[in-house]
Every structure is written in structure tokens, then in C-alpha cells.
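Order of writing sets the labels: A, B, C and D. Residues in every chain begin at 1.
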Amino acid sequence: MSIHTKQTAANPERLNDRARMLISCPDGPGIVAAVSRFLHEHGANIVQSDQYTMDPEGGMFFMRVEFDLPQLQKNLPDVEKDFAAVGEQFNMEWSIRPLNRKKRLAIFVSKEDHCLVELLWQWQAGDLDAEIAMVVSNHQDMQPYVESFGIPYHHVPVTPDTKKEAEQRQLELIGNDIDVIILARYMQIISPLFIEHYRNRIINIHHSFLPAFVGGKPYAQAYNRGVKLIGATAHYVTEELDGGPIIEQDVQRVSHSDDVSELKRIGRTIERVVLARAVKWHTEDRVLVHENKTVVFN
Amino acid sequence: MSIHTKQTAANPERLNDRARMLISCPDGPGIVAAVSRFLHEHGANIVQSDQYTMDPEGGMFFMRVEFDLPQLQKNLPDVEKDFAAVGEQFNMEWSIRPLNRKKRLAIFVSKEDHCLVELLWQWQAGDLDAEIAMVVSNHQDMQPYVESFGIPYHHVPVTPDTKKEAEQRQLELIGNDIDVIILARYMQIISPLFIEHYRNRIINIHHSFLPAFVGGKPYAQAYNRGVKLIGATAHYVTEELDGGPIIEQDVQRVSHSDDVSELKRIGRTIERVVLARAVKWHTEDRVLVHENKTVVFN
Amino acid sequence: MSIHTKQTAANPERLNDRARMLISCPDGPGIVAAVSRFLHEHGANIVQSDQYTMDPEGGMFFMRVEFDLPQLQKNLPDVEKDFAAVGEQFNMEWSIRPLNRKKRLAIFVSKEDHCLVELLWQWQAGDLDAEIAMVVSNHQDMQPYVESFGIPYHHVPVTPDTKKEAEQRQLELIGNDIDVIILARYMQIISPLFIEHYRNRIINIHHSFLPAFVGGKPYAQAYNRGVKLIGATAHYVTEELDGGPIIEQDVQRVSHSDDVSELKRIGRTIERVVLARAVKWHTEDRVLVHENKTVVFN
Amino acid sequence: MSIHTKQTAANPERLNDRARMLISCPDGPGIVAAVSRFLHEHGANIVQSDQYTMDPEGGMFFMRVEFDLPQLQKNLPDVEKDFAAVGEQFNMEWSIRPLNRKKRLAIFVSKEDHCLVELLWQWQAGDLDAEIAMVVSNHQDMQPYVESFGIPYHHVPVTPDTKKEAEQRQLELIGNDIDVIILARYMQIISPLFIEHYRNRIINIHHSFLPAFVGGKPYAQAYNRGVKLIGATAHYVTEELDGGPIIEQDVQRVSHSDDVSELKRIGRTIERVVLARAVKWHTEDRVLVHENKTVVFN
């Protein structure tokens, strides 16, 4: 079906020589100068650059640089080798990603489909510049829909007794080439072992404005408290339930006349918008994590 | 596919005896008393009621009443017959719709799919309480996708030379039992004759915050003017281009760094949200039209 | 100074014969009919009417009616006497307020002035239809400013040792003719005895999106959690800290680059807007309280 | 009065050695490297840096750099002298402003006070880091209020016959050391001659979401068109009425029940918020103008 098959980058010819560099390091004088001089001397042209210093006195420095480098594929290995010295000098964590090496996503889903549908819609519209490598679910409901997009669907049932085996099976499926796991209303607790494998690379959507209404049934909690706005929160998963670094949040106005089912209906739209933004930003290398917070360049 | 086949009303048993009444008339004393007494004496219980008086001195009165009436199907004809006297007394335009007689929609679409996809998604999620009777398009692209929902798809090509015949064909397809036509980015001018047939029953989505950027290429116009918010407007179609009664509008923040294609991308989300809200409100009898304005009870 | 002295109602002549009725009672058939018939038979014309039924099966009914009654001042006592029978029939809590009997406010403030300044600005602009009877503060800082509006200012120092005497002094100042107390960043815990005197008539502004960040230093809590939106909450004060019925909430987007002092700066604008809305709605009889929730007709 | 006299910078000691550089030039390779190397070699540390390239092929480059330079006051003249060569090499328009040289504002106001009150409130709260050098008005109403802040107030009456003389008098009052003129609902057309003197340095607040409702009575226009959102636009004044570069816009939801006077009331809050943001951004050197658009780094 035509709706499922398009997926072309907006300006593919431009992107072949473009890359993004992410840097985190202790703040200090001369970092921007060193990075921009390095890129200039290696023939790269900076297209966009963002930086942020957290707590100017003795703080952390974060930078995102998008640059064009002629014959990127051929030249990138040398650039990376040479940049190692700069990275060492400033004690940097850094990475460079050519834009034509798209990030690979695995989407975990349970029975509620709205977040998955939104991600697939944005992907097929060309708005999500990534590969959806697979969908993994503990239910079979979405299989025909997902496969109609040409995306592999893996059904991995989870019961209280088989949780450990199920996670083992999921890890095998994912293998070594998945960049980020999206919990698109997956509704299962992920084990610490699994989290450790994908530190800051598992994105969950929680259906409340965290830290309000941690845990289960947040819409019922919101109804009982009589709040006037409900929200959703996309965050990286950590060992603390609903406690990981927040990537994005948004809210919508509600009123006394909205019962729990109406809150859920309104919430579905916030959830899918917030999760899609977080995934988009992650795939565009806009999110850096420091301790329990994110720096989002957008 | 499971995603396509559900579509159950939230509380079907409740709705069998529920109806909605819409009233417009010149303002005057005693209208609310007359209507509520009438309903009470006929055994109906008012569940929700909204009223609005436009310009208290010599103005117009608008009312929406939702009520439960035991054995509605059997009793409604008598209620309608009896209410005629009340309607005459106050010079009312009025109508009553039992909620289990769902409104029937025809969706017109061209090549851009986002508004159609949103409507279908909300419909299959049970959030749009209506029947989608057909999709009509001047292109064939969406046919397999629409038909996978079990919805008839009619391909009616339109060329400058065949415009008149095409509209004739569309009117035949629609027949007599379509309540409202949705132009979900249909991109064709509708003829005055067609509009006259469906006065205040054709909903269009215009991709700007009207009355800014009337006409073609509104995102290019917005980019050139350097606005800091872009928007979308859902309105009833009248003979004046982009000039009909506005049902709903919303906006999203943009910045200098968003080029026209990025404005279009952001705009797509606003367009589908705004159109879906307008369609939902129309199907829930929340919109009354007076001259070139709407009263929206929500 | 001219800025301080205007304060005229928008359409004073209209309001002399206008009143508002608030009703809460167990739901049942015929309530709207009974109320609207009563008003019609007593010569009143309904200008606006809102109703809401919480949980249709065995729930609560809430109504707000604005009506014009010729020679209101002369006729209101009879109307109230006659309505008692209707009230008894449906087991109503009800009240009628003529609009020209403005609500009287006492504003409690500490050192931070932004909420007070906003309320005074809206009041002198004619947007807050109430009398500001007095400002009470545990500091003297704002005295000249408040008195320049012609509003009495009472300095009641509060120390840990004199808290009880201070509250006694405040109760004496307030006397019997204050309708509502506004805690405009008052920063002192109110005693249960005081709260009992003004049940659902003390409005506090909490500087977070409750129930997130209950208690002290909410902006520091928000910064540490790395939230992407900060908010404010106006609520009625109950014995549970920051736990009373919520009247209004709003939020503003923040980013990683906003430190605590910037969050406070952004927060000040949300706080004053949210508090001013809540006070406006309360003074316009738009807020009804049921258990720990509000019904807000707006 | 205490409310009027504070006005201390948040961290005054920090700001003494801090400056901001603004750059606009044709895009080309090596600009960021050249600027950051220059600053590093002159002992400056970049605290924050934003850049934007409009239309990467053959477009324009914009940059805002905030840096700390030890003994700024002593060293700045040499830095500026040396930077001239860099500026010439890249054909830059550039400027450097030490943060302790605050921008000087002249506020023009007519009879409506809300925008002026907001600016004065933000200024006295320390949120507007500028000097308010004078208020100029064609009416005397606000004189005592403005003077209570210790700010000079100049009454310059304007009649159709004396418009030219009035502008001459205003230019004399302003003299040579005003950085920006704020039209805080001044309601008088400014002459081309006056505009030429202060190109991109006169900020006006228009009470609509431009380009909708250009010209007079925008709230009446909005009411007649039945829009569902109303807005305000802060822009630099050019010879084309309401057509200059837009700095900031925002909107607020309205409904059918809001008449023109209610739209004005709601609009006042949007106007003062939007104008205050634009003025804040201008005073923080966040706004660059290119042709008829702004680049806003925030």
C-alpha cells in the first residue's frame, strides 16, 4: 500500500557528507576553539553548533556540532583517529555519527496501539529519520498491521513465570545492532540486567506528568486528585521506577467533567506526541545525559 | 487486522435511550423554563445542558440539551410531534438526534494522507463516534489502506475539463444519507452548487491560522513573513474562499531555523489535530452556526 | 494617581438587577425544570446557566444560574423565601448573590510581591470584580504601595512564639464580613482552627504543578528532577499541606539551561496568572467544591 | 516604597567581566573557528554561543557569543581593535557590548497602562536588565505613577496639527544615548524620519496575531471573524504599517461567548507578556534582524 512504502530522506544528497559530533566533558577554557579549529583544519564546515555549560564554575560542558566534510565516508576514519588527541586533552566523552548511518530502533509494545501507530506514521511520512528494525510484543494483536509496513514482528509472550526467559529471548532478537529501544506503552517492568545493557538507550512513555503519579493507574490517580491538566513524560529507563532522566513532557487541559475514560482518551494524544518528540530528538542526536538529567539541544 | 476492526461505543447500553436536542432562536424570557418543563413532563431526564445568548439585548439564543428518555426509540416520534408547539412559540430552529443514530461521514482526500490517517485512527480507537461511510479521492494512492478498514473507497478523477462531471459523480455517490463531508486536505475548490447542497455540513482544514494567509501556499507565506507561530483552521466551507465559519484553530511555536519544509512537517500535526477536533465536535452536535460564526459547546 | 483610582464595573447599570444562584444537590429528575420554572414564574430571565452531573448514576448535581430580576433589591428577599421550598424538595445547598454586592477579599502577603501586584493591577483595571478590603502581612515592606491604592494595610508580625496570638489578631481584623482570604505567597502555615473558620474560602498559590513537589522549595525540587515544564497550582487550603481542592493550574516550558533562579523567575509569571484566574473565578461564583474536588464553570 | 526601589542584577560580580558579541555575515567556511580562536587567544572564555545559518547554500551566518574576559573594561578596546581584521576578512557586521553597560530604554505610552505597568514590574523585580531612561506620553495620566519609580516622565501632547513639532520635541528628549524605544500601546503613527533614526530599534506591540488584522481595532475585527484564538505581536517598526520584522507572538484561546470587551481584557494579558518578552530579548542581545525577519537566539 502506498501509505506504507515511502520513506525517503528530505534531502538525501545533502546528507551523504554530513555528520554529527556529541561532546560531554568537564568545562574549561578553549574547548570551542579547539573543536572548531580541528574541524576547520580537517576541511569540515560547521552547519550548526550548540553548546551548554552546566554550572559555569567547575561544571560540565556539552556540545553538539553538525558539519559537512567532503568525502565523509572516506575521510571520517582519519578524522576520528586525529580527534582522539583533542578528546584526551579535554577528558571528553565524544562520538561522531555520519547521518547516512541511520539509528536502528526496536519498538516494544503491548496491547495499546496508539504510540506505535504514531511512530509508524511519522516514520512512513519521512519525519522520523531512523530505521525501525523490529517490533517486539507480548501479544500478537498488532502483527498484521506492523508487517504491512514490511517491519519484522516478534511475538515474545511474557508470564510471571517466564519473564527471565522472555528477556533472554528479547536480548537475542535485538542482537548487537540496535541503537535504542522504545517502550511504546509496553507495560512490563524491565529487569536491571536488561537496563544495564542499554543504559540511556531505553525510552519509556509514562502516562502522567512525572513526578506526579508515579506507578500504576496514573489517570485514575489524576482523576482522584482533581488536577486541571494531565500530562505525559518520556524518559530513559533506569532502575528506579519512573525515575530516569526526563527527555520531554507535555500537558493538556482537562476539567471536572472529564471522567477517567475521557482522561485516558485525551492522554493518548499527549502520550503519542510526547513519545514521538523524544524518539525524534534521540535519533537526531539532540539528547545528552548527565547524571539524572538530560540536555536537549532543539 | 485487529487494529482495524474494533469500533465499539464506550457505553453502548447507556446511549440507547439518550438523545441530543439543538435549538437556535431569537432570545426571549422563559425559553429554558419551557424546554426543561417540556422534557420533564415527557419523562426525560436532562443529563447535560448548555446555553448561550449572543448579545443579550435583542440577540440570539442557542441551546444544546442531552437527555435520557426511557424507551427512546418508541417514544421519540411523540416527543418530536409535541415539541413542535414549543418550537413554534419561540420561533425555534431545532432538531433531536438519538445517539444510536450515528452521523455518517464522507471523507474527501487528495494525496496527502495525514489528516485521513488521524481520522481513521481516532475512529478505530472508538474516539470518533460516527460512521465513515466512504472515502472519495481524485487519486488512487490510499485505496488499499482505506479498504483495509472495510471502508468503501471511490476514485473520482478531477481535471480542469471534467470538474463538473466529477462533482456530479460525487453527488451521486454521496446520495441522501451523508450528514457531513470532510475535506481532509482535498485541495480542490468546491463549486457553489455543491456547497449549497451541504450548507454548514462541509468541513475543511486550512493550513494556516486564518484569516492570516488565505489561499495557496500558506506555509511559504508564513515563512516569508517570519511569523513565530504557525496554525491551522477548521471551518465550514462557504462560497468565500477560506472565509466560512471557524470551528477550531490551534497553533504551534516555530523559529527562524524552521524552513518551509519544516513548517510543513510541524503543520501536519496541527492540521490533523485541529481537523479531528472539529469533526469530533460536529459529530457530537456541539457546533451551531449563526451567520458567519460558530457557537461551540465543549 | 490615575492608575490607582479607577475601578468601575464594565456595565454597572446592567448589574443592578442581576444575581447568581449556585446549587449543589444529589442528582435526580426534574431539577433543571423546577429551577427554571421557579425563576420564570418569579419574573426572572435566565442570562446564563451551567450544570454538571458528577457520575450520572446516584451522583451529585451542580448548577450555576445567572439571571436578571426587575427590581432585584426589593424582590430578592421574597424570591429567597419562596425558593426555600424548592431547595428542601431536592435537598439542595444553594445561595443567591446579587452582583452589586461584591465579594470582599483579604489578601495575605509576605515579602514576595508579584502575586499581590498582579491582583491589584487586575483590580484597578476593572478585571477583578470584587472589593479588596485589606492586605495583611507579617512584614511592612508593601505598606506604602498598598496604601497608595487606598487599601488598608495591617502589619501583623509572626514569630514561632507568637503564631497563635498573630492568628487571633488576624481573625479580629477580618471580622465577619470577609468572603475570601487570598494567600498571595504568604509562606506561613495556617492553623486548623483558622481553616475551619474559612472552609473553602482560603485560596493559596503553590509554586509547583501539584501533586508534584509538595512542600518547601518546589523550584529546587523541579530543578533536581530535571522536569521540562514547571507549574503553579491555586487551591483551597485544607488541613492537609498542599492537598486541598485544586481550582486552577498552568505550566510553562523550561529547559536544561534554566537554573533554579531562572525557574523562579519564570515561575513568578505562572504563579501570578494562575492565582489571578482562581481569584477571578471564585469572585464570579464559578467554583463549587465537592469533597476534595472543584467544579469550575467557565 | 520598597516595591519601586530594588533593581539589582542577579549576580553583579559575575557580569563585570562579561560581554556579548553579535555577528552577521555571508556564510562561509571557518567563521566559528576564526571567532573562537580569536577569543581564546585573547584570553576570553566562551560562556555561551549560538549560531544559525540561513539557507546553507550562499546564505547568511548569524552568531551570538557570550564570553568572560579578565579585566574586561581595561582590555575591551584592544579586543575590539584586533577583531576588526577578523570582521573585515568575513565581511561581518559585528558589535560587542559589556554587560555592565546596560541598554537604555525610552518607553512611549498613551492612555492604556497595562504594557507599561508590566515593564516597570519586571524591571523593579530585576528581570529586565536595562535602564528605563524615560517615559514619554501624549497624556499626563501616568506621570505620578512613573515618577514614583524615580523615572523621568515627559508629557509631549500630540495633535494632528502639532505632530511634526511633537516628534521634534521627542527626538530632542531622547538625545543620543537611547538604545531602544518601546511603543507600549502608544497608538500614534511614527513618521518615516523618526523610524530612519532608530532602524530596528523601535519595538511596537500590535494587538493581534499578525498578519491577521493589520491596522485599527483588531479585537473588533477578530470578533467579527469569529476566531478561536486571539494574539499579540511584538515587532520592529518599519515604514509599512504593522509590517516590520516580528520578534515574538503568542495567542490565547477564546470562545463564542467572549464579546469585544472580553477579547480586549484577555488581550491585555497577552500584549503585556509578548511585549515584555520581546523587550527582554532585545536588551539581552538575542535578536538579530535580516531583511524583514528576525533571528532570535533564546
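Keep in mind that, in the parts below, a residue touches a chain if its C-beta (ideal position, glycine included) is under 8 Å from a C-beta of that chain, and two chains touch if they have at least 3 such contacts.
Here is each chain with its UniProt name: A, B, C, D = Formyltetrahydrofolate deformylase.
Keep in mind that this is a model prediction, so the values were computed, not measured.
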| item | value |
| --- | --- |
| Furthest chain, CA centroid comparison against chain C | A |
| Chain copies touching (chain A, chain C) - same or different residues, decided at half shared | same |
| Computed distance of Cα centres, chain C from chain B, in Å | 37 |
| CA centroid of chain A to CA centroid of chain C, Å | 43 |
| Where chain D touches two or more other chains, by residue | 52 |
| Residues of chain A defined as touching chain C within the complex | 52, 54-55, 209-213, 225-229, 231, 245-251, 255-257, 259, 292-296 |
| Complex contacts: residues of chain B adjacent to chain C | 29-30, 32-34, 36-37, 39-41, 45-53, 56 |
| Chain A partner contacts - residues on chain B that touch it in the complex | 1-4, 10, 113-114, 117, 121, 125, 127, 141-142, 144-145, 148, 261, 265, 268-269, 273 |
